[in-house]
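Chain nomenclature is as follows: A, B and C, assigned in order of appearance, with residue numbering initiated at 1 for each chain independently.
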Amino acid sequence: MNPRARGSLAPYLLLAPAVTLFTLFMAVPIGYTVYLSLRRTLVSGLGLGKGSRKEVFVGLDNYAAAVGDGELWMGWLRVFGYAALVLAVMLGLALVFALMLDTARVRLARFSRIAIYLPYAVPGVAASLMWGFLYLPSLSPFDALFGVDLLGQSAVTYSMANIAVWGGTGFNMLVLYTNLRAVPQDLYQAARIDGASELQIALRVKIPILVPGIILTTVFSIIATVQVFTEPTALRPLTNTLSSTWSPLMKVYRDAFVTGDLYSAAATAMVIAGISVVLSFGFLRVVRNRAFGEA
Amino acid sequence: MHMNRLAVAALAVALVAGCSGGAPESGARDSAAPSSAPTEKVELTYWNWVPGMEKVVAAWNAANPNIKVTSSTQAGGDDAATKFLTAAKAGNPPDLIQAEYQALPSFVAAEAVADIKAQADPVKAEFGDGIWGLVTLGTDAVYGIPQDSGPMLFYYRADLFKKYGIAVPKTWDEYAEAARTVHQKDPKVFLGTFSSKDPGSFAGLAQQAGAQWWSISGDAWKVAIDDEPSRKLADYWGGLVKEGVIDDMPYFTPEWNKALNDGKLLTWPSAIWAPGPLASNAPKSKGKWEIAQLPQWNAGENHSGFWGGSSVAVAAGSKHKEAAAKFAAWLNTDPEALALLVKEGAVYPAATKGTSLLTEAPEYFSNVPDFWKQAAEYGAGARGFTFGPNVNVAYNSFKDAFDKAALNKSSFGDALKTIHDATVADMTKSGFRLAQ
Amino acid sequence: MATSTARSSHRANGSRRPLGLVPTGVLLLGAVYCLFPVSWVVVAATKTSGELFSTSTFALGTGFFQNLADLAAYREGVFWMWMLNTLLYAGGGALLATAIAAVSGYTLAKYRFAGRDLIFNLLIGGILVPAVVLAIPQYLLFAKVGLADTYWSVLLPQLLSPYSIYLARVYAGAAIPDALLEAGRIDGASHWTLLTRVAMPLMGPGLVTIFLFQFVAIWNNFLLPFIMLGDDGKFPLTVGLYTMLAAGANNPSLYNLILIGTFLALIPLIALFLTMQRFWRTDLSGGAVKA
């Protein structure tokens, strides 16, 4: 493989915009977050008036608190169960839909494609209201159908998973679909000429080509799902089954935006990032050699 | 002595900020001369979520060409407070902000709002002592000008009370009895609901019961969220929820709106601003609601509490604190401003003379022509309490603890203890001095 | 008619044709599942505030035009201002973000140079830190350089999208044959020519996808503009609509305005999608290989 640009500056110049943006808007804020995670405010006396509040260095105290918080670990347990469900269903559907969109004879493909992607476009502001109408017992058209309170303790995890699947399938479908479109069509033509059915082409030709895409979609989905926040936050005002610390990221949000403890939020966020790294690298290790097949 | 130190410190803040700004406005010292209007033009930004504030501000701008105020409509609630605190921390705050009474102490503790005693003192007489206490936090400083208040009253469906043959409850015992009657007559209908998502409502009812969640004793905070009146209140509602005669759906959800519309909820112990939400959430039951005094703990008493309400505060980082404070004072005491606030913003003014501006009943309550007179009477006995520096922690803990208690039908008293402990733990961790 | 051809050929060749119906059926089921909640937004946008909580959930209302008029009149038409702002943030942001992702992805896929993996991992690693926690530090830093509460404060942090760079790298790897680049190089084409004349056209369908993702992501981003902006004249739709929802406990939430606003906000996205998706049909990569 070649463009060996011996000592050329070209690749660095081409990457300069991305690296600059990364440094300014990711690396520096992340560094600042790490700095904050090592500090907290210390108040003296009543805490009213000048100088009664100062920021102090506390070492790893915030991390110790985050790791030692039983509620946070309960949150992880809840999230892992939820994530397994969402990942399996969402990615399964996305793969099936992408393959079907790419079959030669599918009709109404454009309609289906936009329809399946559209949920991604519904702004979060309306989500709570919308799911309220679809889930709350006295309003839901499904209440009679399922015969359970969709926001009750037994069903609420599935109700949230449904929101995530609904919202995320189209996105992943498009990633995989675009991936398929980038593959030279001659490959399929050759298989067709050999008399392979569409199903056989899908299973034997397309899926192997998609493997790196599937793996990385999975990694990204794992990271996104571990950071689950939107779905429980949308449902929380409607039900008393979800606490403000249902998921670890909700705890981060609560600390940063509700109780104003940016320091704990920063430490917990770093713990979340760490766990995301472990999970995604763990997954990559399992499927290692196939991930970057193209490089 | 400590209070004096606070005042001195606050003055120092004002002076330092004035110098560093390099603006002609010179901080607290000059403000003694009332007419020292800045000759140079200043521009002030004002974050708030009062509907129609642009019109009120336009009236000020027309009369005060040298102090131009720009109103910027923000989202209200918890994250509004966070947003302001973040902006203040970054040294980039608006000059003026709407500060809910329960959020003000955390603003003060973060040194995000200025002491505007010099501009506030002249208008002190316009407000009741209880309200004024909410902006001084019981110190010598003044951290905001009260804007609106939310004395609580009892809203009920007069038509359905007749239908179910119940009388307006005078005491909480009668309320419980009425709840049982209603629910027995129609298991789908409830007299009321306990909202685990609205700590403000619970705090108001706790105030009515005589609670003092926070207080300042010497130079230490005293926290008593599970004090005897609050515990009585929690156990009372916990009992009703457990018995199943009161619903446990939260307020302000689509389901609650529907229940109100469908006549499945007969009462709402709420604040004086309730006509607004009722009109938008339950338009179908317009003209069917009436108001009464909150049920009392002991027959013959006349107590109420406050739910909601806010003040206008001046950011400590503002370069034009004096001008900003002047505007805040005008906004909340000038007859023209008050009239506009009432008309455009549906604000229930905190200024005592503001109440006289409220003559015509809200459209939703056209069946109660003397709505404001009645409301003023029922709300007259409202008593508040001092809010502490971490109300956000207590309120968040409230939602979690009462969610759980309502879900499991477990002890509400224990939930209250959980909140108290979480609040104390947070204050201890932050280093606040606590009285024992 | 296409339909009849499909049907007749189905009869003619049973072993292959049923698949034409199965994918269509499955995709339509998926479409129904996804559209159902969205259709509620459309239905709800037609209801007056009275009908919203009193008529059946999926019954059409009578207030569509009233809602529209009320929204247009709300605070002297501030909604349209939010719409324009959002178009600016999403349009400008997505365009630049896509360009940056495309160039970076191509470079990472097609050049060998020291530090390549390190740079890639760093750029991608950004997604490990939740945006929730970055927003406040980003704000504090912007405030420090005096850029908080400006259009830039919302635009700039969204120009870098790790996911898009990753996608661009994958697309570049799959769509651009090395042989073609090699040929171009031998012909003496510069790096810039190879990038703009060879790589970018080949990555077309992928870049369309990336642009769509970026556009929608910025369109719907709430937290960053919420924290960055104080001036309500610079708000995007998400933050603007939120001010209608969270109007404080003592003010009514303007449900019907929020719903009609949400409905109107969907329209540009659908229009964009309809215009962009024709680019997927052109099979650029297929042609390239033959070339």
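The working rule: a residue touches a chain if its C-beta (ideal position, glycine included) is under 8 Å from a C-beta of that chain, and two chains touch if they have at least 3 such contacts.
Please read all numbers here as calculations on a predicted model, not as lab measurements.
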What is the chain whose Cα centroid lies farthest from the Cα centroid of chain C?
B
Higher-contact pair (C-beta pairs counted), A-C versus A-B
A-C
Could you grab the centroid distance between chain B and chain C? Build each centroid from C-alpha atoms only and quote it in angstrom.
40
Calculate how many whole Å lie between the centre of chain A and the centre of chain C, each centre taken as the average of the chain's C-alpha atoms.
16
Can you work out the whole-Å distance between the CA centroids of chain A and chain B?
38
Where chain C touches two or more other chains, by residue
136, 140, 242, 245, 255
Two or more other chains in contact with one residue: find those residues in chain B.
79, 252, 254, 258
Touching two or more other chains - residue numbers and ranges from chain A
129, 133, 139, 256-257
So in the complex, the part of chain A that touches chain B is made up of which residues?
41-53, 129, 132-133, 136-139, 153, 237-238, 240-245, 254, 256-260
Chain C residues touching chain B in their complex are 48-50, 52-54, 75, 136, 139-140, 143-144, 148-149, 226-227, 230-233, 239, 242-243, 245-255
Can you list the residues on chain C that touch chain A in the complex?
2-3, 6, 15-17, 19-20, 22-24, 26-28, 30-35, 37-38, 40-41, 44, 57-58, 100-101, 103-104, 106-113, 116, 119, 122-123, 126-130, 132-134, 136-138, 140-141, 156-157, 159-160, 163, 165-167, 170-171, 173-175, 178, 181-182, 185, 191, 195, 203, 205-206, 208-209, 212-213, 216, 219-220, 222, 237-238, 241-242, 245, 255, 258-259, 262, 265-266, 269-270, 273-274, 277, 280, 283, 285-286, 288-290
Of all residues in chain A, which touch chain C in the complex?
1-5, 8, 10-12, 14-15, 17-19, 21-22, 24-30, 32-33, 36, 93, 96-97, 99-101, 103-126, 129-131, 133-134, 139-141, 166, 169-171, 174-175, 178-179, 181-186, 197-199, 212-213, 216, 220, 223-224, 227, 229, 249, 252-253, 256-257, 262, 265-266, 269-270, 272-273, 276-277, 280, 294-295
Help me check something: in the complex, which residues belonging to chain B touch chain C?
45, 47, 49-51, 54, 72-77, 79-80, 83, 86-87, 89-92, 94, 100, 148, 150, 198, 200, 252, 254, 257-258, 260-262, 271, 273, 276-277, 279-284, 307-310, 346, 348
